[in-house]
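Scrolling down, you'll hit the structures one after another.
Each of the next two complexes has chain A plus one more chain, namely chain B in the first and chain C in the second.
Entry: the complex of A and B
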């Protein structure tokens, strides 16, 4: 059996877990009622006697988080909150996630569970390379590594060749990165005709779940065992679940009470202090499965699916159509109609321009294309490929 | 008198300090002799009876750190080291700095001294914006903020307009950033015809010392009191000294024994575990001044000057000529002669090309310019402006 970081928490028996969850849920309701106006109004005098009552409690949506921006969902005064992470919500509007000191400490322990499942010990040298723009996730993995006692190289060069040099120079044994960046590394290793076994890598921790084909490609290309993290930026990312050596993604059920409602993953945070959430509709499709796993972890197994809203992902970066709309409205393109599609790691953006511009002002369009693409990169960290189209003629 | 974070350490009497430094120096010598082969050989049976003996101890140079790469200067096994930061040394070669858990905890307290001197309390919301590529410094300030109990927004968008939006949305009260980025923010505020008093900023912590003119420009433009940090990436950056409200930069002398040798700042680390350094030649010009400061801090006042080696700084990023040389050698430019100069925030790079290329291959050169400039940005995070020149004719 592989080691468990918090065996007394990760291998709880069903009855122990149920008891713990019920107690924490009851305490949560009391805190929400006392400290968050929105929940006080929604909850009324609702009580829970057993976990079966959960279904009658009100849900929280991503829209609620956006409306409460910045501090309306906090259950403690800002004085107690020592960290603010932000993420993008529906319509491209901002969501802020607060953490107290206890929340951050707990985050470290939840991430350490994943790292220990991936075999990380105090002898490992961890390279965390997200390639920019993923500060929040990188910080989560750093905290987990510190708790696990491993040595962290926090350098985060954009350039994948440099990442490989770092890995060689420091003799990194574990790489934590996005699947896209891991694939870039595999390509550089191939292009250099380098034997991946010449690296000291043992394990690869990926920032999100990948399918078996990608996993195998990366495991072969980097000669390391791959493990996938799972998280939700509105709550914690990483840290919601642990992928064990059997490739089962076990939810940390002592901290997160999970349901599926019409195929959507719904999460209740049982122990978060700064921003506890009741029945949060994640907009992520998922299945939950009770598995008797040989790894010893008893947490329910999560099989995550795709997004249930119009969030796109371009080269690991989340993006909503509304964000592009707002961005274009602030530029010389104004409010022209446009079409979006994702091609590989590039966002293809086709903007309609009126006929008097097309044809005689090609130079202007070329300049505009360059300016917009570079602005896009700076704002979203995404490579966009901008094309101009002429307006479709409407039948008279 | 303004608050001090560790009064018993920051306001030591001369005799107390001397006693503490001597004890720590003796312990340091014992540790170095026991654990670092290089120092064992250099130290021989040298003993110190008083601080006056310091001058007879061997020095450590940046070249020594480069030669020991990666782990040769560590005084503890890698198992005890939980963080590796790297920086660039002479000839553009890499230097690695290791930290134990105690080193990181102490780093947090040293940075908290600076933050408390800048008036930071648990009620403050700190925005840390370094604009990419300064992960190490950002992590140091985050750790200090956590120790001081302040709330941190770790978002680090490249785009300065977004930084300003964050500052407004989260009602940040303290901004921690580089002088260049602060100046960009001032420009955006002016361009938007915004009143800086509409922000909630009270204090501005700058990543390095600036002169009185820049300080005033930034204080006026952001309507906040400015404080400058000081550090050396080979040891700790930030964390070596604290700028008090009187604008005196007090060395944290309980941790760092400082001298000047021929105008060069020389630092001995008194309490670092992973990578203690004896009489480290910093290649930074400096003056030390004993000042009876009304702030109550008794640490010697440091007046840092410029670099004493050929390190350049382009838009806050350190750069050696040798790095550019190595970079060019790997490109299609090969080993052509080149000239470097810094213009504002841009590195101007003039590469000599032979006559057969100049004239008839303008298109090729244009492409090459674009490719090299973008590679430069990716590798160094520096904007380069590449020009091609023809070789100077040598007299026959």
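Entry: the complex of A and C
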């Protein structure tokens, strides 16, 4: 049996978990009613006497979080909030996520659960490489690593070549990174004709779940056992679930009450202080499975699927269609029909323009393409390949 | 050990405890914190049957004891040290302990242990209990409960009206009881002092639990300050 960081919480019996969740849910409702206007209006005198009553409670949507920008969902005065993270909402507007000191400590412990499940001990040297663009996640892993007592390398070079040099020089034993960055590292190792066994890596913690083929490719390419973290930027990312050595993604159910509604993962945060959420519709497809896992963890197993909205991920960066729409509307192109597709790490953007413009002013469009692609990258950190199509040819 | 689900109780038309759910594991010290009038003592009374429950359930080691008469509680191993101590002032210290151990066939042994734990009570065994100081009376009230060898010790405001030095002594006793495997559920207004000895705590406000957590987390929680300081703190609450 693999070690558990918080055995008394990760291996709760069903009756213990039900009691704890009910206690925390009732306390959460009392706090929300007192401190968050939106919930006070929605909840009225609604009470829960068992977890079966959860379905009667109002849901929270990503749109609600956007509407509450910036601090409308906070359950504590701003002076109690010591960190603000943000993520992008469904129409491209920001969602602010606040954390109190206790929230951050809790986050550290939840991430430490994942790291300990990956075998991390005080003897490990952890290299956290997110290529600079995923600061929030890196901070979560940093906190978790410190709680777990491991040694962390805070340097995060943008270039993969330097990352590999760092890994070799510091003899890192655990790499925490995105699947894309891990792939880049594998390519560099191959290009240098290096033997991955020459590295000291033994575990690879990926920032999001990947399929079995990618997992195998990365495990072979880096000669390390892969574990996938899971989180939601609107709540905590990482930290919602722990992938055990059996590759089961156990939800940390003492902190998160999860359900699926029409195949969508719905999460209630049971212990968050600054921004607790009731029945948050995550827009992530998921299945929940009760598994008697040999690892000893009793948390329900999450099998996450794809997104249920039009959010796409391009080279690990989330992007909504509405963001592209807003971007184009602010340019000379204006509001034209367009189609999006992801090809590798590039966003293919096909925009319809009227036939006379295509025919008469092709040179102008070529210049515009270069300008817009550059602006797109500057704004979203995404490489876009812009194509102009005529209205008769529907964009693919 | 103690599991409470949706417990409600009150006085006349006033609902003082509005659906409380909590639990205490064997060997834990768990505190219930809240301001004056939050419903703490009413909850304690409902657990031991001094107030009839309006609804909900109290289970001890898996067995439902909801609404059972107070005098049955001792046979379940539940002993309450009431607020204000309620020692028998005209009786001697030793007699108070004998009353506490009345149902316990091993009471002489248990009383011997109480004297070991509280040497001051041994030295005053023959003295009328009413002549003891406030702190000593609190020790006697706890000692009287221990003479029954409880599985679960309920302490209702054990720090109320005690001098700071005596508060420290009482908390030391609670810590010592926990170290010797006694399960303690204590109701207290003195939040910060209590969180120093409790493993976990609940915060009660107007009859509802608003927080549950480990003591080290609750010490820093702003809601604890608000619940503990009561309505006045709301003026600076945005």
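Quick notes on this structure:
In this text, the second predicted complex is superposed on the first by the 384 of 396 C-alpha atoms of A that agree within 3 Å, B and C clash if a C-alpha of one lies under 4 Å from a C-alpha of the other, contacts with A are read in each partner's own complex, and residues count from 1 in each chain.
Keep this in mind: a contact is a pair of C-beta atoms (placed from the backbone, for glycine too) under 8 Å apart; a residue touches a chain by one contact, two chains touch by 3 or more.
Model, not experiment: these values are computed from the prediction.
In the superposed pair of complexes, A:101 makes contact with chain B and with chain C alike. Of the two partner chains, chain B is the only one touched by A:379; chain C is not.
Looking at the shared chain after the overlay, A:354 reaches neither chain B nor chain C. Once chain A of one complex is fitted onto chain A of the other, the partner contacts of A:78 extend to both chain B and chain C. In the superposition on the C-alpha atoms of chain A, the part of chain A touched by chain B in one complex and by chain C in the other spans residues 78-79, 101.
By the touch rule above, chain C contacts chain A in their complex via residues 3, 5-6, 19, 21-23, 202, 205, 208-213, 217, 220-223, 237-238. Chain contact summary for the complex, chain A toward chain C: residues 19-20, 22-24, 26-27, 30-31, 34, 47, 49, 76-80, 100-102, 105-106, 271, 273. The part of chain B that touches chain A in the complex is made up of residues 69-70, 78-79, 81-86, 94, 96, 98, 101, 104, 122-123, 125, 132, 135-136, 139, 142, 145-146, 149-159, 162, 166, 169-171, 378-379, 381.
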